[in-house]
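Quick one: the structure is below, and I'll ask about it shortly.
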Amino acid sequence: MECELKARVFVTLKNGVLDPQGKAIGHALNNLGFASVGAVRQGKLIEIELDERDEAKARAGLREMCEKLLANTVIEKYEIELKA
Amino acid sequence: MKSAVVVFPASNCDRDAAVALEQITGNKPAMVWHADSEIPKDTDLIVLPGGFSYGDYLRCGAMARLSRVMQDVIKKAQEGRLILGICNGFQVLTESGLLPGALMRNAALKFVCKPVGLTVTETQNVFTRRYDAGQRVVFPVAHGEGNYVADAETLDRLEGEGRVVFRYAPGENPNGSARDIAGILNEKRNVLGLMPHPERVCDPLLGGTDGRAMFESLIEAVG
Amino acid sequence: MRATKVTPEVVKEHGLNDEEYSKIKSLLGREPNLVELGVFSVMWSEHCSYKSTRFHLRKLPTKAPWVLQGPGENAGVVDIGDGDAVVFKMESHNHPSFIEPYQGAATGVGGIMRDVFTMGARPVAMLDSLRFGEPGHPKSRHLVSGVVSGIGGYGNCMGVPTVGGEVNFHRSYNGNILVNAMCVGLAKTGKIFKSAAKGAGNPVVYVGSKTGRDGIHGATMASAEFNEDSEEKRPTVQVGDPFTEKLLLEACLELMATDAIIAIQDMGAAGLTSSSSEMADKGGAGIEIDLDKVPQRETAMTAYDMMLSESQERMLAVLKPGREAEAERIFRKWELDFAVIGVTTDTHRLIVKHKGEVVADMPVRSLSDAAPVYERPFARRAPKTGTPSYDATRPVTPSLLKLLASPDLCSKRWVWEQYDNTVMGDTVQRPGGDAAVVRVHGSRKALAVTTDVTPRYCRADPYEGAKQAVAEAWRNITAAGARPLAVTDCLNYGNPEKPEIMGEIVAGIEGLGEACRALDFPIVSGNCSLYNETQGEGILPTPTIGGVGLLTDVDRMASIAFKREGDAIILIGETKGHLGQSAYLAVVEGKEDGACPPVDLAAEKKNGDFVRGLIEAGRVDTAHDVSDGGLLVAVAEMAMAGNIGAAIAGGDIARLFGEDQGRYLVAVPGGRAGEILAAAKTAGVAAALIGTTGGDKLAVKDQGDVALAKLKSAHEDWLPGYMGG
Amino acid sequence: MECELKARVFVTLKNGVLDPQGKAIGHALNNLGFASVGAVRQGKLIEIELDERDEAKARAGLREMCEKLLANTVIEKYEIELKA
């Protein structure tokens, strides 16, 4: 197999954007008896296999993917994690 | 008036929109496939219908925005043609940047289908001129992600410029939308996006005719 | 499980008993290999073979001049005139929904829709009949929420309105919920597609999604009783993708507009296995499949995996030779997989190849006709009799409120507002009334659709209870003003190997047959779901009935809502005050006991025909059948729906809450009451003026008043409160 | 403020479970010209603030939360990441 990179892209709501889903999960966890659970936020995880060796290039590509498709930057922010 | 309805994969209110348009305008709209490169040249009104384009994958409207025909829709919007996005169509419009803000999951986290009272807050535009300002109408909603979100500045601007066309009537906001916003215009006022379905209330048998005036407004504007 | 050698343990794991295995060996003339064993196990499972019920199902009435296709195809077909046909079927997805409520329910909807559109029909309405455990059971809330969002998630994306159904709660479903989904479609009578793969040398094509390892042995799972650790085992459940199904629907209908198809069938339970063998069997043909050509989602899939996979959103079709390219173009346009995977033959054998080898070779008949049919021993239980004691002095209005707020009778708005019930622009009556009404697109005709059964009755008396289910469906359709056409059913029962359960099944089928015959309401499709038990405890016998009727003019339609003040409220049908097994006793007295109300089918028919006649003649626009909760609940429902109160005659508890059958309430402008009563007299139908509409409360003579607002909050608040908003 | 832990829970579909969403995203990225994008899977990211100092305890609690609520273990698997 080729030397590939695997990326994990985390897309989460920007601070200040209400996250009712996260809140509902937090609430449900508290109700289940998990008293130590504080704030909960829910986001998306997108795992991408990249046929690319160059980390810098990969990162630039992923940033572009996020801007163009993976995140709606009106409400979301993103974070990129790469591993070989 | 010549109209066109864009059909994305898994659009499902395309027929509803076409039926309403034909009933009111007397002309059958052109049904335009998402993979086509162009909307027919002499089209006055382009409707982006409700449904689950591309399965609502990733985000509602995110994939549809990338489809081929949308390039032309965006171009035609810039040229001043009229664009009406209903429900999923509204989501496509915000994702495309033709309208500001975003539509998030309903605050109650559930899909909601019911008739909802709306106030027509703005009638100085081609879409709602046949309504009275402040008029209460009832349109059904049917969506899981209709919670309109934008930053305060954008919201202020929309309100200040008279671009909020429909608001959910007090106490009837079905999705948690900011400032009860149900439908908005773009700056040039030729693009309207709204979550409720005017095309589902054009036939008295289906529970009302409050939606007709929108199509009649368009006919009046376009001739 | 995937041991290569067929040992006695492997045979047992496949749910086949010794006798069945011997039969397999003699049909093949040798030992089966593992792939063949897998194929036999699913085809001979209760779910696919109906081995316990087939013998009895033969007794059901299935014919009428308007029936174009009875049981035996993917769905039933009924002529509705002008070249239009209605195509419908109901199916259970009980076991998968208990394990994974969202996906279980969603794929149930997807499966039944495929059954309908594979016949050439566009689905136009969905209904869902749901039964959950008692509300207080720790699992119930989670199951309700998952099932409802699964049904909505799939149906909404498909753009087919979900317009009706039922939701009940009972402890007998604590460990075994029921999810029965019904789909109704419209087709042209000359364009009905069937599954008989006639002729040799025709290409067999696979379309839709790729095959993965989904739900392998789903069909055998659906036929095995749950035990303590089946929750732990967590078998692979099927995952649905309504987006692909929507594309598949459009692509199939596009291909069906050509004349390229000889036969087509969805891949449902037992996927490729059942679709290929059933098509060959019905066409009197053989079929040869090359698994290397099957579009695959996963690597290293074995022949066993592929033959038993229950991946969703797939279809198998036999085309006329030479039409492959045309078909492929259509499926590619919709971005779906398309592959020619085999050919029909004249060998009457199912031959499966994989990697150049024949991995299965068996006579098609061995999977169909030769599958076992059991006349299982059964014991008829004596029906319950009598009326349990109750407090006859209890005040009436608090009981009414209690009933309206009870889990079974409360408004199901919380459920149906999560379903898109108006998409397609033809929903003329939304959920909340009796039957839902959906217009036949572009015409004045409309279909009235409903699902019904009262399992409490069926437990007290499996025969009368089944009769009642049919009668209630017929009545709901009639109350809308429609002519009942035909029935689909979903027979949900416990373990048929127990004589007392088999007795319930036999009596149930007899009751259905009797009622359908008397009401001219043939059964055109259906489904059996057996082994609905948990740790040896069976569910209440639940023969769910789905009924379809026709309105020839949507303008002559009735609905339950009071429409005017000052209308006379007339009760049609005889009231004796039957309280046995009533909702009143169950909810107010906590007793599920006594005889269930008997159904006099002749009176049922006479009363219904009378009411329908009034609606058809334009004399009545407000009608409601009297069912669960009796007279007072029915009046309250009409008042709440129309937001108009009523004043009605009083009476004792038995009169106000009894559940005598064959009754309707109609409301007509006051001046017309005499005329209606006279017409009833002429028709030999019992009728009585019982009150007048008006005001903002429900007043029962000598028993007190309740404000409409109070009725409504009792009725509307329970379910949202229970579900937490 | 208390010494708190932050957890990230990644919930993804088990191997072999149909992921039409991931597939569609991959497809869209390819169409946008990102040729090096191979397989894409979509999952959920849940961020949880925990009022708990003991890592082992936190981890055990999170596992329980996953089993009980956060993951649908019939079709999903989960992974837990903790940081102080």
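Each chain gets a letter, A, B, C and D, in the order it is written, and its residues are counted from 1.
Throughout what follows, a residue touches a chain if its C-beta (ideal position, glycine included) is under 8 Å from a C-beta of that chain, and two chains touch if they have at least 3 such contacts.
The model shown is predicted, which means the values in this text are computed figures rather than measured ones.
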item: For chain B and chain C, chains touching each; value: D
item: Selected pair, greater C-beta contact count between B-D and C-D; value: C-D
item: Inter-chain centre distance, chain B versus chain D - centres from mean C-alpha coordinates, in Å; value: 35
item: Centroid spacing, where centroids are CA-atom means, of chain A and chain C in whole angstrom; value: 41
item: Distance between chain centroids, defined by C-alpha means - chain A, chain D (Å); value: 9
item: Per-residue overlap in chain B, given as positions that touch at least 2 other chains; value: 54-55, 57-58, 66, 108
item: Where chain A touches two or more other chains, by residue; value: 44, 69-70
item: Touching two or more other chains - residues of chain C; value: 241, 243-244
item: Complete list of chain pairs which touch one another; value: A-B, A-D, B-C, B-D, C-D
item: Complex interface listing, chain D residues touching chain C; value: 16-18, 20, 24, 72-75
item: Chain D - residues contacting chain B, complex; value: 20-21, 24-25, 28, 31-32, 42
item: In the complex with chain B, residue positions of chain C that touch it; value: 149, 152-153, 156-159, 241-244, 246-247, 334-335, 416-428, 430, 439, 554, 725
item: Sites on chain B touched by chain C in the complex; value: 9-13, 15-16, 19-20, 50-52, 54-57, 108, 110-114, 140, 142, 144, 197, 199-200, 203, 205-207
item: Residues on chain D engaged by chain A in the complex (per definition of touch); value: 4, 10-12, 22, 25-26, 28-29, 32, 34, 36-52, 58, 61, 64-65, 68-70
